[in-house]
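Here it is, the structure, as structure tokens.
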Amino acid sequence: MSGAVLQTVGLSIRFGGVEAVRGVDFTLAERELRCLIGPNGAGKSTLFKLLTGQLKPTAGRILFRGHDITGHHTHAIARRGIGIKTQVPSLFDGLTVREHLWLSARRTNPAGRTRAIADEILERIGLTALADGAVGQLSHGLRQWVELGTVLAGNPELILLDEPAAGMTHDEVARTAELVREINRTHALIVVEHDMQFVKMIARTVTVMHQGAVLVEDTMDQIMKNATVRDVYLGKHGGS
Amino acid sequence: MDLAAVLMLEVLNGIATLVLISVGLAIIFGMMRVINLAHGEFLMLGGYAAIVATNHGVNIWVAMLVMAPLVVGVIGVIAERLIIRVLYGRMIDTLLATWGLSLFFVGIVTTIFGNTVAGIGAPLGSVGVGRYNISVYRLVLVGLAAAILAVIFIVLRRTRLGLIARGTMENPNMAAALGVSPPRVYATTFGVGAALTGLAGGLLAPISGVLPTVGAAYVAKAFITVISGGTAILAGTAAASTLFGSVNQLLTYFTTPVIGEAGLLAAAILLLRVLPHGITGKLFRGSL
Amino acid sequence: MIGGRWSPGIVLTTVAMVGIALGVPQVVDQFGLLQLTVFAAMCILALSLGFVWGYGGILCFGQSAFFGLGGYTYAVTAINVGESTLATILAVVVPAVFAALLGYFMFYGRLSDVYLGVITLSVTLIFFNLMNSTAGDAYRVGKARLNGFNGMPSLPTLNVPGDPGRLLDPAETFYLVMAFLVIVYVGLHGLLASHFGRVVVAIRENETRCELLGYDVRLHKLLVFTIGGGIAGLAGCLFANWGAFVSPNVFSLTMTSQIIIWVIVGGLGTLLGPIIGCLIMQYLATTLGTQQLANTNLIFGIIFLAFVLLVPRGIVPSLRRLGARAVGPARVRDLA
């Protein structure tokens, strides 16, 4: 489909006898926000790692704006304009918040512009007050936001978030949802999440995974009413 | 034809030597993930133990097969208690501390025994193979290397001690819950690895003689063999020793010993490039 | 240090070095001057490993390989060409190229830390064995006989560029070596303050995050390793000049251990640390070498052990922490 930001065709990965992701066909349109949900072991994180290049698929292809990025190195994928936030915040504990943003933005901007971008993002995320503190000292929720800001600072075209609301307080979750919606005005996003409250706050189209394959793809309202989805979450659905 | 036989023997000898110098390290590294840079010095100490014992009238076989492993085993246990245990989990620091230990051993031995080469003759004389004479002792070494591998296999697979050791290495907490004391297991394992290394040092002493600095010649080769072997202690050591021993000896025979050494390293680098987790990371997985 | 502000510690150290460079020849005798010259050359070597290991996070146990290559390259080139300028340049380039090749294999093969250590250690040991076996007339490069374990004596030393007859006297050699030391020290700090340097430090903190930001980690490590190799080669060249002599001992296990001890004692993660560590250990080695009381290996081994077990951070970072406690918490990074 032309105009798609990201597309996977028959994407699969097999670990020994287990096919953790089975023939996933997935398309993300311009500025679309897609939530990826499913019970434990559904293959969400594995699919995420396939998209980020941290795992190499055993079958299928991944296309970013028509370019085949299947099996490429993570850094090459990031360079294409895909920003990645991992499940456990991956940060530089010894560096400050500002330095994180600086490093992220500096790769594609000259030094002068980079400082301005760092300031902008600090404002946008609301971390200006903490800009010069070491990240290692921050609470989990703050670290998640720092990572979000770091990803944003690189001005990626597509942003992949793996559990951005994990371990956050209720207020933090609300704020994160606000941020994600705000980011969505200018960027396409794929968000893998467990926290259904959070998903409800941000979701438009939702993809539900089960046992490595896509179970159903629909709007949030329809998904909530879907009996199969409910059964899968409650563990009633044996296999498909 | 006798040339082929002799060459074959040289290769087997090279393999056996690598097995001997590596198996103790394979146990320590493979089971405890400890990098012991004093490994070469354990070999050296084993050699000195054998030579000193022999020069004081002890039968050469007893000196090599009993005294050497005993002495170095004890030293190993002490080192484990005082140094290794303190640095568990800190891999780089362990590396550095054992490096310091190796300097220390070299220094102490030099102080006590001086810088000259001490030696004992190889027992058992030589036997003729066609036009060539080969040392019987070297043949015996090949057999001993194989025997040592077999014994370790049996102990690990068939005895309670082996089972406890393997279990503790896989999951120390679980082992502790079952009443096994992990620190004891670690001390014993390190001691056994050191003893095996001392044994190797003793066995190799008649062939190469010992200098306080002889460890340096062995440490790199032993590590390369163990790391290239991969996670399976015995299969890995055997496989890597076979590969590198052959490369080393064949190159040495056709060119010079130095090219042989360089060839070993080159083979290792290429191997690790292709199989970053060593041979048994891919092949013979799950074996001992 | 984004924005290029230089911390007072770095400025102070630089000024001190320049001061020493200018002042020392006035007050110290010939013998002392020669001693300090070799100390300074070794400090350059220490900086190379301090950079590669402390900042690049690369466990190089064979830094002496590049040191030795630099020394031998100088020797062979100087003997053949009769003039020292090309020899000095090659003494930096050849080790750097070798480092690039070795680094390519190691970093693009994604080998882990531990393997890097063992492989680099093996490389230097192989060079040691190799050079030891080159005695005899057959082993020569052009006019230069390698001489195996005897080493290569009577090397043509540094001359004023373009004027082979005009050799540098001890004071001038000292100035030159100190100049190189200051250039390397300031240059490395400058590099670390640049975009490249910030990425290198970030890689040491979290490789994965760097990759996720689009930086090619392998390439950065390769460049760090290559630069470190070139600097070590420079030190090797200066060392060969100091004694007008080079032997396979430059590749020995002892040599490579020493470099590591300097960095451990002085402090990993700083540039001043390796310099201080080097000076202390060199001084110790010189004083100990003249007495027969105890074996050098023994003492070095004990010091090494003591530092790893008791003062794992090394002298400079430990002093800094004490200083920070006295003065008040501040960001204690990049102070020297």
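Labels for the chains are A, B and C, by order of writing; each one numbers its residues from 1.
As a working rule, a residue touches a chain if its C-beta (ideal position, glycine included) is under 8 Å from a C-beta of that chain, and two chains touch if they have at least 3 such contacts.
Note that the structure is predicted; figures quoted are calculated from it, not measured.
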| item | value |
| --- | --- |
| Taking each chain's C-alpha mean as its centre, the one farthest from chain A | B |
| Chain pair showing more contacts of the two, B-C and A-C | B-C |
| Separation of mean Cα positions, chain B and chain A [Å, integer] | 49 |
| Centroid spacing, where centroids are CA-atom means, of chain B and chain C in whole angstrom | 33 |
| Whole-Å separation of chain centres (CA-atom averages), chain A against chain C | 44 |
| Residues of chain C touching at least two other chains | none |
| Interface residues, chain C side, partner chain B - complex | 59, 105-106, 109-115, 117-119, 121-123, 125-126, 129-130, 133, 253, 257, 260, 264, 294-309, 312 |
| Chain C contact footprint on chain A (complex, rising order) | 52, 73-75, 78-79, 84, 86, 90-95, 98-99, 102-104, 106-107, 111, 115, 134, 150, 154 |
| Partner chain C, residues of chain B touching it in the complex | 35, 83, 86-87, 91-93, 95-97, 99-108, 110-111, 213, 216-217, 219-220, 223-224, 227, 256-258, 261-262, 265, 268-269, 272-273, 276 |
| Residues of chain C touching chain A in the complex | 2-3, 195, 198-199, 201-202, 205-206, 208-217, 331, 333 |
